[in-house]
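Read from first to last, the chains carry the letters A, B, C and D; within each, the first residue is number 1.
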Amino acid sequence: MYDLIIHNGQIVSTSHVSSPDTWIGIQDEKIVCIQAGPLPHDASKRYIDAKGAYITPGGIDTHVHLQQLQVAPGDDTGDTFESGTRSAIAGGTTTIIAFANQQRHDKSLYPLVEEYHRRASKDGTWCDYGFHVILTNPTKAILDEEIPVLFEKEGISSIKVYMTYEARRVGDRDMLEIMLRTRKLGMTLMIHAENDDMVQLVIDHLRDNDLTEPHHHAIARTPLAEAEATNRAICLSNLVSSPILIVHVSSSAAMSRIRTAQNDLQPIFAETCPQYLLMLADAMRSSGHGGCGCSHSAEEKAEDDGFEGAKLICSPPLRESKDDLDAVWKGMINGTVTTFSSDHCPSAFDHPKGKKKGLESGKADFTKVPNGLPGVETRLPLLMTYGVEKERITVQRFVEVTSTQPAHLYGLQHRKGSIAPGMDADIVIWFPNGTIQEEISNDKLHHSIDYTPFEGFQATNWPR
Amino acid sequence: MYDLIIHNGQIVSTSHVSSPDTWIGIQDEKIVCIQAGPLPHDASKRYIDAKGAYITPGGIDTHVHLQQLQVAPGDDTGDTFESGTRSAIAGGTTTIIAFANQQRHDKSLYPLVEEYHRRASKDGTWCDYGFHVILTNPTKAILDEEIPVLFEKEGISSIKVYMTYEARRVGDRDMLEIMLRTRKLGMTLMIHAENDDMVQLVIDHLRDNDLTEPHHHAIARTPLAEAEATNRAICLSNLVSSPILIVHVSSSAAMSRIRTAQNDLQPIFAETCPQYLLMLADAMRSSGHGGCGCSHSAEEKAEDDGFEGAKLICSPPLRESKDDLDAVWKGMINGTVTTFSSDHCPSAFDHPKGKKKGLESGKADFTKVPNGLPGVETRLPLLMTYGVEKERITVQRFVEVTSTQPAHLYGLQHRKGSIAPGMDADIVIWFPNGTIQEEISNDKLHHSIDYTPFEGFQATNWPR
Amino acid sequence: MYDLIIHNGQIVSTSHVSSPDTWIGIQDEKIVCIQAGPLPHDASKRYIDAKGAYITPGGIDTHVHLQQLQVAPGDDTGDTFESGTRSAIAGGTTTIIAFANQQRHDKSLYPLVEEYHRRASKDGTWCDYGFHVILTNPTKAILDEEIPVLFEKEGISSIKVYMTYEARRVGDRDMLEIMLRTRKLGMTLMIHAENDDMVQLVIDHLRDNDLTEPHHHAIARTPLAEAEATNRAICLSNLVSSPILIVHVSSSAAMSRIRTAQNDLQPIFAETCPQYLLMLADAMRSSGHGGCGCSHSAEEKAEDDGFEGAKLICSPPLRESKDDLDAVWKGMINGTVTTFSSDHCPSAFDHPKGKKKGLESGKADFTKVPNGLPGVETRLPLLMTYGVEKERITVQRFVEVTSTQPAHLYGLQHRKGSIAPGMDADIVIWFPNGTIQEEISNDKLHHSIDYTPFEGFQATNWPR
Amino acid sequence: MYDLIIHNGQIVSTSHVSSPDTWIGIQDEKIVCIQAGPLPHDASKRYIDAKGAYITPGGIDTHVHLQQLQVAPGDDTGDTFESGTRSAIAGGTTTIIAFANQQRHDKSLYPLVEEYHRRASKDGTWCDYGFHVILTNPTKAILDEEIPVLFEKEGISSIKVYMTYEARRVGDRDMLEIMLRTRKLGMTLMIHAENDDMVQLVIDHLRDNDLTEPHHHAIARTPLAEAEATNRAICLSNLVSSPILIVHVSSSAAMSRIRTAQNDLQPIFAETCPQYLLMLADAMRSSGHGGCGCSHSAEEKAEDDGFEGAKLICSPPLRESKDDLDAVWKGMINGTVTTFSSDHCPSAFDHPKGKKKGLESGKADFTKVPNGLPGVETRLPLLMTYGVEKERITVQRFVEVTSTQPAHLYGLQHRKGSIAPGMDADIVIWFPNGTIQEEISNDKLHHSIDYTPFEGFQATNWPR
């Protein structure tokens, strides 16, 4: 009757943890039956014993950059769809949503989406995937003709825009026009909220003063720039009553602004990522390792080529103040955060074609180093360890932000995000706290990147 | 294999609505199996066809006053445990928690609890029940010796205190001492938060000026008194880090104070009731009917004995400003409200022993009329109608505040509050919106009270 | 010894009202002596008897548009420096600061300032005056070379920028660059804060639907656009620690955001104007008269050419909600408002060269009607009447917002803004409440405009 | 013509600093004339040269405890009216308001006030004085009969109540009844806002654990207790629309709550004191000296009898967190603070009758040490030094909080609080910053107390 039976685990939903003798029957990659106590025996079935384990719905990572088309030829140095999804599945993530990014000169999205499908299917993927479209030039034709087609025919349920980066930022009017369409179609609009002019002013002043070491990145992209843009995005959304998701919220001011909007019943959602819960800007100063506290020998430090800090450059940056980190945790706990993603945006530092961009001068320059961290594999173990097992959040809340709510945000709730009869059999098994005591190490990860920003962090649990 | 099968309904949890072909197998009053598609046929089973219906976990009403010991002899005019639970079950509520109230002179709680058990078991009950203990004189012996025993032996998981009513109010120091114990044991402390001195000052001034018609009740118990006491309770809780539940929140100021505390991760929970979502103080002025909009003939008005308004007297009162009502809805929607109860506190107005207290003078005097409304039966249909079917809240949120979260608050989450294998088979079936179009009428209710405050309100759905 | 003696008045400062027998001795247009009781008698002096009157420092109106260079040739239809200052002095204003506005193509400010001096001196002025410079194209040369010169040589102590209007708006980066200079020099930066993209989106939609009657102006320039831009300006200021003045604050959201910044010790100042205290958008619907409540005969209404509403078009617009008006009063009372100006920006409606722009189609179109109201003369009498005499504010606060604080904001505090020995003899005498009971009427005003938006409003006091 | 001329100083008001050549003519202890430039010469006059100096109105210290009737006989160990006012005048304070405190058993206030007048007049005073009445038992007779008499006949313009201290606290109902009277008469109601039950709970727990060293005082009287009581007082005031002054505000939460009320136009005033701007609780741990940073030799430490910390015990206590201190400064700067007083409440530690109460056991016990610090003399120099000369506040704001606003609060504005013709000649001269560079030392002070909590603090200015 069932292809697979998982027996004696505790199924976790956003509000319930089932009794420890729960059996799950799976057939044709769908969950068919959940029962208290044994399902009828059948010798031909495959069994997995989950005795003593939590069973959570498969992780959904909705913020993953893979094989994106870049401006410069040498940019494609990170994960492929194959290596990225391999890494995802190894970390308990069974669905990813990656980005198909429009260049300013692209007149149509169709060839773009086609190209991304080609890239994804080339070497196969290890887990389910979908696409967001990044708009940088939202022409009327794209908005009125192409987006509805992509939404209905291609299942593309989300658009992303940037309020920062010279090559990508869109103005307020464009954002409003996009919001009018996403609202109408029921799509999710993701917004990278940083005020570009504020950031650029500071960068220019820093560069004029030759202050370009990696840790100045945190000064350049001040929390004020995130707060301003977040408020602006919320006001724009408010004008046209259109739901938006502020991605990778990293500061107290932005989080608090979002909470106020949510309290007032505005449809504002928030995403955050492991790096904003676990690391501070200080980590960019030293030889890295993200404040994990592990010690380095004098020898190691001498060998340090100055790029350890640069590896932690992402945008928004790791914040300087612990108040920001605490506020992100608070948002994680009190419900402000809707979804928890990795913002996996990897660049290998020792690239076959030569050393990384930004190292040319022999000195890491934050204005040249590519932004972004790898993290699709470590996302769930880190939140399970630092969130659930350190008793900051419940395991139900873990399920909510890593799977159930992401599924709702992106229109997948009828197939994914819950363990229930009729749903996809995307299942993760977590054995209890304490059975694992190890440090995260890039050696054990499955991406094709030569470092992890979380090297040396604890992982007291890991999905089976 | 199963005693009962409910087939083809959509099970609702706090975050998921199952596919429409879901079958539930029940055995020995427990849910045993949930399956997408048919369970094995067996001629001896009882079947319920739920095709097209929502299936929600049984309602838990945690604020119900039944047969309470009163000061004066003529007070016991409301529902018995028998009639109250009959009314509950007819409205989709499968578990109630009633109150065992200490009088100031009671030196021990044991006889009290025993007496309440006697009362509840005398004529039987139609649904599950439990008790909260109301403390008015928390002696050291009660706190240190009796409460732990009642918690562990009698399953009493909650205490209630009043900050108002001369005969019941406890001081800040007593509240702190109680909080220290509830925190230690993991009990829930329910607080009726109104500043009694503020209320009494206004009542005295109104009485001095002969302003005692029912609608002055709303002026006497100003939202300011609720806001002050709510803040005080939160500060006291904060001092000793003890979780509390503010019951029947009725005003914008109190709701907003609670939200702030929740945002700051303080363990403050909120309850509200149908009357604070659906009626304003104005309804106490006229011949009543709670603002339902139904018309009354001149004849009816002439016959009005002045008591229609008095029937709506409860504490906190119906509020004068629509802002307060809107704020309670906002709290219901944005997550501030943890639990939705009836505060069923009935008094029959035409009592066998004579007309109601407060009518002696031939004129309804709000300072004498007993406070409290009946509502255990109408609670769920009203929230389904005015919340879910008017699209203010999702059906998942309905389940959250009427069942799942109440179960968690009172330690019942391992047996009640979710539809999952292993849980009690407390199940409510709701056929879709629009199949019913009727007005609530006391004729159709099952309590032993001669009115409902919700007479004439719509009910577009009713549990089967 | 003295050229002029004012005797037996009560001098008002921001915190003190002097005893009623105060004598002021003036010489060479300076206040020389203040004495309790008579100054030595001298037959040659000029005496003014102020018995029973308040004596306030001369009004300073820091937001006055006069004879501005416009884009289109027919635009110069309002007051000249001569008629504008005549109107000012007749309303108790002894100093105005007008605008010298850069056009986008102006490469230098020098000819501009020269031209404005020429205009102001052409026919003489009735009171003191100064200039702000409006920047629309802040080139490096202008910022680094010209502005310091204008500040030091020409006494230009303030710059204004617009965040709205296609022809004038400057971007965030330009605002930041300007702020860096104004901070360094100690100049005041005035900001017209409305998000242009938000406004334009609504205008485009209204125009597409042919909704261009005057009252739609209030919908087009939503409070949200003001709130967004105000927050952005405050964030930009915060980044570079530069003081700014948000001009003509008209909404609750903007006022509240400014208050928060002030509470946090950020150097954010606020200006408001009579129209935002006294009129609502509804006045643009009818035949006008600003909600003063005066009645109009059917005949008058029949004759109405549809332009009464158009006369009230200003930006930000009169607000639709009384909450906004109340919030502006609140800011006036609680100290948020730093300065109270007229934003005198007059356009005669029956212009010699033909009917007003916007009337071409025979139907007033808010997208074409010039924005701005005349008000330099009515500013002080309106605040004295509706503020002081209706007991919303004290007469000390009146002095603070109409004279003392404006003097400080624009670097005039050593000569103006207080009645004290050594200061300019800019003095206004107000006889007590109730001695005048009349309605404002354009007949009695001294500007060269053919209407006042405050026609029919009460003035229970008027400066002598 | 004048008895005294002060020439060439700069008179400071709340909004103006006069030109440096200002002459003041004084006659019969009243300011008669203020002139820019010389007053007519007359050989008989007394002259004071104030060249280069600021001239401020005499300080008004409205929170001074002198020779209060105490419960226990040995309590009268502090300053007399003679020594207290001598100390006041030496520090630039020309008016004090002291307390006449009702004991619970006092049936009438008349003998009480008489007794205080006797005490004050016994040895004479060096400056003007008045009384507040402290109510601990506000009987109807006192409220309705005596208070109006004392207000009209005795010029007692203020009442004080305590929300803490077993012997003094009054309940909410009593506060409301008092507020109704103070509002009617226009008196100021001063409130010491700390929740006594919260404080007592913590004290009991600390005492049970033998944690009674001085610095535990700061833990016992937590900011939460101040925040709760402050909110409650504001709610009570709000109910009856009665102005109140929250005295000695010491924490961020209380200050912020007051600001919110002020923003909403509620008549809530705030007082703070030097100790809450300049010292943290940590100073109670060590051998004292208030965090002034001066070093102590090992010898000094060995000789320390443990009482240095005890000398800093006041209520509310010095706060543990710098956030609180910063918030008090913020309130001082942004206008929340209405008045700045000393709360001079002195107790000599080496009393002639034997060592201080609280030392009996040989160990300082915070639960026994009398609360209160001496400070009437150091109040103005400290604010001038740490406020004005460190550029936190302007000298105008200094005048506002030390003189002008206190005069208004207590009905003295027609005689005191400003330097203007007709006012009392209460004048303080401050020579410029930097002419003095010394440390405060008890040797130089004029009270009869054997220590100052500000020993070693800087005073870069001192009144002449």
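Quick note on the criterion: contacts are C-beta pairs under 8 Å (C-beta built on N, C-alpha and C of every residue); 3 or more make two chains touch, one makes a residue touch a chain.
The chain lineup, named per UniProt: A, B, C, D = dihydropyrimidinase.
Since the structure is predicted, the reported quantities are computational estimates derived from the model, not experimental observations.
Seen from the Cα centre of chain A, the chain whose own Cα centre is farthest off is D. Taking each chain's centre as the average of its CA atoms, chain A and chain C sit 51 Å apart. The geometric centre of chain A is 56 Å away from that of chain D, both derived from CA atoms. Each chain gets a centre from the mean of its Cα atoms; for chain C and chain D, those two points are 42 Å apart. Looking at chain C, one finds that none of its residues touch two or more other chains.
The chain pairs satisfying the stated touch condition come to A-B, A-C, B-D, C-D.
For chain C in complex with chain A, the residues that touch the partner chain are 171-173, 176-177, 195, 197-198, 200-202, 222, 224-225, 227-228, 231-232, 235-236, 238-240. Note for the complex: chain B touches chain A at residues 11, 13-16, 18-19, 21-22, 30-37, 259, 262-265, 330, 333-336, 400, 404-405, 408, 413-414, 417-418, 420-422.
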